[in-house]
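Okay, so chain A shows up in both of these, paired with chain B first and chain C after.
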Partner chain A sequence: MLGLALIIFGLSYLAAVATLLALRFRVGMRLVGAVPLVLLTLMLGLFGLYAAPAFAKYGPGLVVSAEWNPPREAYGLLPALLGTLLTSAVAIAIAVPLALSAAVALNEFLPGLLREVVGSLMDLTAAMPTVIYGLWGLFTLGPFLQRLINGVSSLLGLGVRMEAPVSLLTAGVLLGVVITPYIAAIVREGYALIPKAIEEAIYAVGATRLEAVLLKLRYVRGYVLGGLFLGLGRAMGETVAVAMVVGGNYVHPTLNLLSPGITISSLIALQFPESSGYAISVLFAAAFLLAAVGLGLNAMGVYLIRRWGT
Partner chain B sequence: MSSKNTTMWAIIAAVVVAAIAAAFFAMQSGGSSPPTTLTQTVTQTTVQTVTQTVTVTQTQSGPSLQDLIKAAPGGTIYGAGATFPLPQLQAWADAFNKYTGGKLSVDYQGVGSGAGQTNFLDKKVDFAGSDIPMTEANFQKAKGRFYQFPELAGSIVIAYNVPEIAYQKTGKYLYLTAEVIALIYMGNITQWCDPRIKALNPALANELPCKNIVVVHRSDGSGTTAYFTLWLSKAYKPWSQTVGWGLSVEWPVDKLGTGRGGKGNPGVAQLVEQTPYSIGYIEYAYYALNKGKYDGIGGAALVRNDNDGKFYSADPQYVQMGLAAGLDRYKAKYGAYPAPDADWNAVIQELSNPPTGYPLSALTFILVYKDYTAEGYADAAARAARLRAWLTWILTEGQKQVIEGYVPLPPELAEIGLKAVQSIKP
Partner chain C sequence: MRRLLNLVGIGLITVLAVVAVVPVVSVVVDIYMKGIAAIGRLGGLWTFLTDIPPSPTATAGGVGSQLVGSLFMTALGAAVGVLIGFPVGVYIGEYRREALAHLSRGVVQTLVEFPTLAVGLFVVSLFGLMRTEVNQIAAPVSERLAAALGDWVTYFVGELGPYNAYIGAAALGLVMMPYVALFTASSYASIVQPLREAAYSISSSEFGAVFVVLRKVVWRAVLTSFLLGTAKIAGETAPLLLTAFGNRYYAPFTGQTGAVSLWIYSAALQPYQVQVDSAYGAAAVLLTVVLAIFIVAKAVGRHV
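Right, the complex of A and B next:
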C-alpha cells in the first residue's frame, strides 16, 4: 500500500516539477498561480451542475422559502441561510474582541517564555478537531447558556426564554470560541511585525500604554480585517460542531437567537448521508449558495482591506 | 517553443502515463489479499463446541454451516451501509472471524443506509446494510436481480424527562398512545398537564406539571425516524395525511419553532437527559445503556398497541411478539410470507403497528445480489461462497449472539433470509 502511495504521489510530483522546469519561469509561475483559480472554478461549476435540477424545479423559491419535506420533495433553504448569517455574526462579535485582547495580551504584557508557551497553546487550540468543541458545546456550553439566559430573564420577570440547551445562540457562541485562535494568530503576526521605530515614535510623543495599544492596532488593521474574514469563512463552513448544538430545525426561519435553527454547512453534514432524489441536488444547491455568499463576503473583505487597511 | 521543449513534453507525458499505469496495476494486484490463517489452531476448541449447537439448529434443507465455510475460499467480505446495526455487525464480524478460524473476515463500513444502497447498486461492495428496504426508485433499478431480508430487529422507546413524575420517585412509567405522541409531535398537545395525557395516567394526574413540552427529534436522516414516523402514520391517520413517513420528515413542531433536533441517537438521548420537560424517541440500545439515568429524571413510556388495547414496554420479548404478529398479518393478507426479492416497502407496512405486542419496532436489512457472475463481479464464485457462509452464520449462530439493546429476529423472519442466502449464485 505504501509503495502504491509513493508511486502515485512521488511520480506525479516529479512530473509536475519536470513540467515547471521545462517551462520558462514566468510562464511556470503563472501556471502555478492559475491552479487554485481553476480548481475553484471547477468546484463551483460542479456544484452548479449538480444543483441545476434543484434550481430548475424550485426556482428562486429554493432560497426564499422554508421547507424540508423529503416525503413530499418540498425544499427551501431560507432557515439555513439565515442561520448561517446569524451564527457567523454572533461568532464574529464574540471572537474579534477575544482575539484582539489575546493578541495584545500576548505581545504586550506576557514575559518572553510565558508568551511562547501561551502562544503555542493558542495555536494548538486552532488545531483541535471541532467535534471535541461540539461535545463540549452539547455537554457544557449549552446547559450553561441555558441557565444563564433563563436566570437573567427570570430576574427581569420574563420567565423561561431558552427551553433547551441547543439553539442558534449556542452554535454562535461555540463558533466564536472555535475561530478565536485563528483570528488571534493573524493579528499576533501583524502585531509582532510593527517596526521598532514606529513603536518608539508612539512612546516618544508621550502616549499612554492604552493609547499605544490602540495606535498599534490601528497600524495593523489590515491584519485584523484579514483575520476577521478568515474567521468568518471558518465559522460559515463549520459542520459537525454546529450540527451537534444548533437544534436541527430546518423549517422555521427566525431571527430569534434562542430558538433552534440550522446552518447551510450543518444541513449538508446532517442530511447528505441519507438523502436521495432531489434532496441531493438541493444540498448541492445549498453548497453553491454557501460558496456564493462566502465569495461575496470575501470580495467585501478584500475591498475593505484595500480601502481601509494599510 | 523550441524542439527541445517538445521533447521534454513528450518525456513528461510518458512519465505521467507510466505512473498512472503502474498505479492501476498495483491496485489490481494488491487490492484484496486474503487474510492469513494464523489463528486456526488457537480457536479450534471453540469451533468444535459451537458446531454441536449448529447441527441442532440447522434446517434440513441446504448444506450445513460447516460445509459452507469449508467451501468458501479465504478472504474478506466487503459491506457498507446503515449505521444502526454497526455495533452488532462489528461484534458479529469478530465472532465470525474467530468461528472460521480466521479464514473469513468481514469489512463493514457504516456510511448510512442511502449511501449503502447506492454503493450496492454501483457494485462497490459485496453486500449492503440498510435500515429501510430498497427505496421505490432503487428497487426499480435492480428489480429481480437482488434479495433483501432483515438480519436484525430493534425497538424504539419514547423517553421523557419530567422530574416530577420520575420513575424513581413515583414507581410508575407514563402510559402513552400513538395519538397522544402524534399530537405532541404535531404541536397540538403542548403541556404535560394536558387532559389527554392525564386521562391515560390517572395515577399521575396530580403530579403532571403544567410545563411546556420540549419535543426532541433526530436532525439527521435516520432509520429510527423512518420507523417512528411509519408507526405514527399507521396508528394515527391524520399523521399520514399531514406528515407522512421517511428518513427525515417535516416536523409540525419545527414549523411552530418549538421542536429541537439532536444529531444521531446519542444527540437525542443527551438532549432529553439535559432538558427538563422534554420527550424524544431513541433506539432501545441507547436507552438500555442509560436506564438508571432515565429512571432518575423520567423514564421510557409504556406504549399502547391500539389493535389489542394493551400497553407494552420495549422489552425484547414484546418486540419479537409484535414482529411475529405483523408477519402473520402479512401472511393472512397476501397468502404467503414475503419473498426476499419482493418490494419490502409493502412488508414493513404490515410489520409496523402489529395486531399485538410492542408496536414500535425497527428492522434493518441486508441487500445481496442473486447472481454475482451475472452482475459482473470479479471472482464471483469466491464472493458468493463467502457471502453464503457469512450470511448463513448471521441468521443462525449470529442470532444467538445479539448484543444488548438489539432484538434477535423471530425464527420465521430469519427463515426468509436463510432461503434467499442459500440461492445466491454462482
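Right, the complex of A and C next:
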C-alpha cells in the first residue's frame, strides 16, 4: 500500500517537473532543486519508521546494553558504539598530523612540477576504493601491527598482547591511512587560497619558515577544522575496509584496542543479510544513528569551511 | 633558539609527510605485486577476465561474471547520477541567490561524504516497500518483450528479486549524484555575467539558455566531475552489499548480481588461498580501471 503511494508520488513528481520545466521554467527548477531535500527526508523517515519498533521495545537500553542474543531477542548497540568511537579517535589522532604535514610539505617544499605530480597522486589515493585498502589492511597492515606490538610488549616483559591481526587498533590505523589523503586535499585547497600579500607580510616581519607555516595554518583554520570533521565523518561511516579488519566481535564489549571489536557500520554490513524480526529494526536504529551522526559531522565541517573559508 | 626550533619543526613536518605517503604507496605496490602474481597463478589474464571466480578446490578462475555486473551497475549508476545530479547542480549554481538553492546546496554538501552503507540500506528498504507493485507492472511488459525480441531479454527484464542489479545501480547513482551536483554548481556559478547575458539573449527560452548554451560553456568541468564520480562508484562496495548482494555466476540482472568490489570483500575473508589470490587479482584489475578513469578525468580537467 505504502509502496503504491511511493510509486505514484515518484511518477507524479517526475511529471510535475517535466510540465513545469516547459511552462514555468523557474518553478520547475525549484522542484528539481528540492530533490536532495526530498531524498534526505525520505531516507531519515524510512529509517525512523523501521527503527520505531526497536526504540519502542528497548528504549534507552538499546544504546547501553551490550547483549546480542537472537534467541532471546535481546539486542544492544553498546559494543558497536564504543568501537566506532575508538576507531575514529585512533584514525583522527593518526590522520590529522600526517595530513597537515603532507599538505604543508607539498605546498611549501616541493617545486612546481613535482608538486603537481605528487598532488595528483594524493588526490588519486583519496579516491581509491576502500575495499582495496581493506585487503591491504587485512594481509599487510594487520600482521605488521601484530608483530610490532608483540615485539614491543615482549621486550617490555608483557608477553603477547595482540593475539590476532584483526583488532580495533588495526581498524583505527587503517582508517587513519584512508582519510589522510582526504584531509590533506581539503587543507591544500585552503592553503592555495592564501593571498600572496599575507604571505609576504609574514616573511616581512622576519618569521622563520616554521613560524610562517604555523601562521598560515592558523589563517586557514576553517579548512583544517572542516577537514577534521569531514574526515571524522568519513571514518565513522566507512564500512567495508573496517568490516574486513575489525574482527566482527559483536558480543563482548571491549575498550581494549588490541582485541577484535565491531563498529556500527560493520555491524550492519555483517548482520543485516542474516537478520530477522527485531534484529532488523535494531539495525535500522543503528543506521539511523549512523546517518544522523554522519550528517551532523558533515554539516559541521561544511559550516566551518564556509564560515572561515573565503 | 628560534632557528633551532625552526629546523626541528621543519624536520618533523618532512618526516611526518613521508610517513603519510609511505602507507599509501605501500598499498598500491602491494596490490600490484601480489595481484599480478595471483593472476598468473590463476590461469593468465584472459582466463582471469572471463572466468567465474574459483571455488575453494579449483586452481584457475577469474572475475568475468563480477566484471559484467560491475560494468552494468556502474554504467547505469553513472547515468542516474548525472541525470539527477546535473539539473540539481544547475539549479544550485544558476539560481544561487534563492533561499531554496542555499538550503539545497547545504544538503548536497553534507550528502557528499554521507555513509554509503546508509544509502544502500535506504534503497533496499525503499524497494522492499514497492517490490510487489513494481513486479505487477513489470511482469506483463517483460513477457511481451521476451516474446517479441527473444529469450535474451530475460537477462535484463523479468520479475525482480529482493536483491538485484537495478537497485544496486540506483544506490550507486545516489552516491554519485552529490559529486556531479557540486561540480556543476560551482562551474555554473563561475560563469561570467556578460557570457550569461549573451546566452539569455540568443536563446528563445530560459530552458535553452540554461541547459543548451551555458552547458557548452562548462561542459569540460561537468565531464570531469562525471568521470571522477564514475571512478568513485566503480569501486564502491558498501552500497552494493545490501542491494546487489553478490553472486559468483553469470546471472540475470533481475536477481543477485556480483561486482568486482563485492568479490574482493567476500573472497578476502575466505580461508582458501585460491580465493584470496583471486581477491588480489581482482583488486589489481579494479585499481587499474579506477586509475585509468582518473587519468582521463585529469586530462580533461586540465583545460578548465
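Please note the rule applied: the second predicted complex is superposed on the first by the 251 of 310 C-alpha atoms of A that agree within 3 Å, B and C clash if a C-alpha of one lies under 4 Å from a C-alpha of the other, contacts with A are read in each partner's own complex, and residues count from 1 in each chain.
The working rule: a residue touches a chain if its C-beta (ideal position, glycine included) is under 8 Å from a C-beta of that chain, and two chains touch if they have at least 3 such contacts.
The structure displayed is predicted, hence computed values, not measured ones.
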Practice item. Check whether A:Met244 is in contact with chain B, with chain C, with both or with neither, and answer first, second, both or neither. Key: both
Check your understanding: Looking at the overlay, does A:Leu158 come into contact with chain B only (first), chain C only (second), both, or neither?
Key -> neither
Exercise for review: Classify the contacts of A:Leu148 with the two partner chains as first (chain B alone), second (chain C alone), both, or neither.
Suggested key: neither
Exercise for review: Return first, second, both or neither, reflecting whether A:His252 touches chain B, chain C, both chains, or no partner chain.
Suggested key: first
Exercise for review: In the overlay, answer first, second, both or neither for which of chain B and chain C A:Gly3 touches.
Suggested key: both
Review point. Counting only touches as set out at the top, which of chain B and chain C does A:Leu138 meet: first, second, both, neither?
Key: both
Check your understanding: In the superposed arrangement, does A:Pro273 touch chain B (first), chain C (second), both or neither?
Key -> both
Check your understanding: Counting only touches as set out at the top, which of chain B and chain C does A:Thr208 meet: first, second, both, neither?
Key -> second
**Study point:** chain B or chain C, by number of chain A residues touched
**Key:** C
Check your understanding: Which holds for A:Pro71: it touches chain B only (first), chain C only (second), both, or neither?
Key -> first
Review point. Taking the contacts chain A makes with chain B in one complex and with chain C in the other, which residues are shared?
Key: 3-4, 7, 22, 138-139, 243-244, 273
Review point. Tell me, which parts of chain A touch chain C in their complex?
Key: 2-4, 6-7, 21-22, 25-26, 29-30, 32-37, 39-40, 42-43, 46-47, 50, 97-102, 104-106, 109, 118, 120, 122, 124-125, 127-136, 138-141, 177, 180-181, 184, 208-211, 213, 230, 233-234, 236-240, 243-244, 265, 268-269, 272-273, 284, 287, 290-291, 294-295, 298-299, 302
Point to revise | Interface residues, chain C side, partner chain A - complex | key: 2-3, 5-6, 9-10, 12-17, 19-21, 23-24, 26-28, 30-31, 84, 87-88, 90-92, 94-95, 98, 100-101, 103-104, 106-119, 121-122, 125-126, 129-134, 174, 177-178, 181, 205-207, 210, 228, 231-232, 234-238, 241-242, 245, 261, 264-265, 268-269, 276, 279-280, 283, 286-287, 290-291, 294, 298
**Study point:** Touch list for chain A against partner chain B, complex
**Key:** 1, 3-4, 7-8, 11-12, 14-15, 18-19, 22, 67-72, 74, 138-139, 142-143, 163-166, 243-244, 247-252, 254, 256, 259-260, 262, 270-271, 273-277
Review point. For the complex, which residues does chain B have touching chain A?
Key: 5, 8-9, 11-12, 15-16, 18-19, 22-23, 26-27, 30, 111-115, 117, 135, 137-138, 212, 214, 216-222, 243-251, 254-263, 267, 270-271, 274-275, 277-278
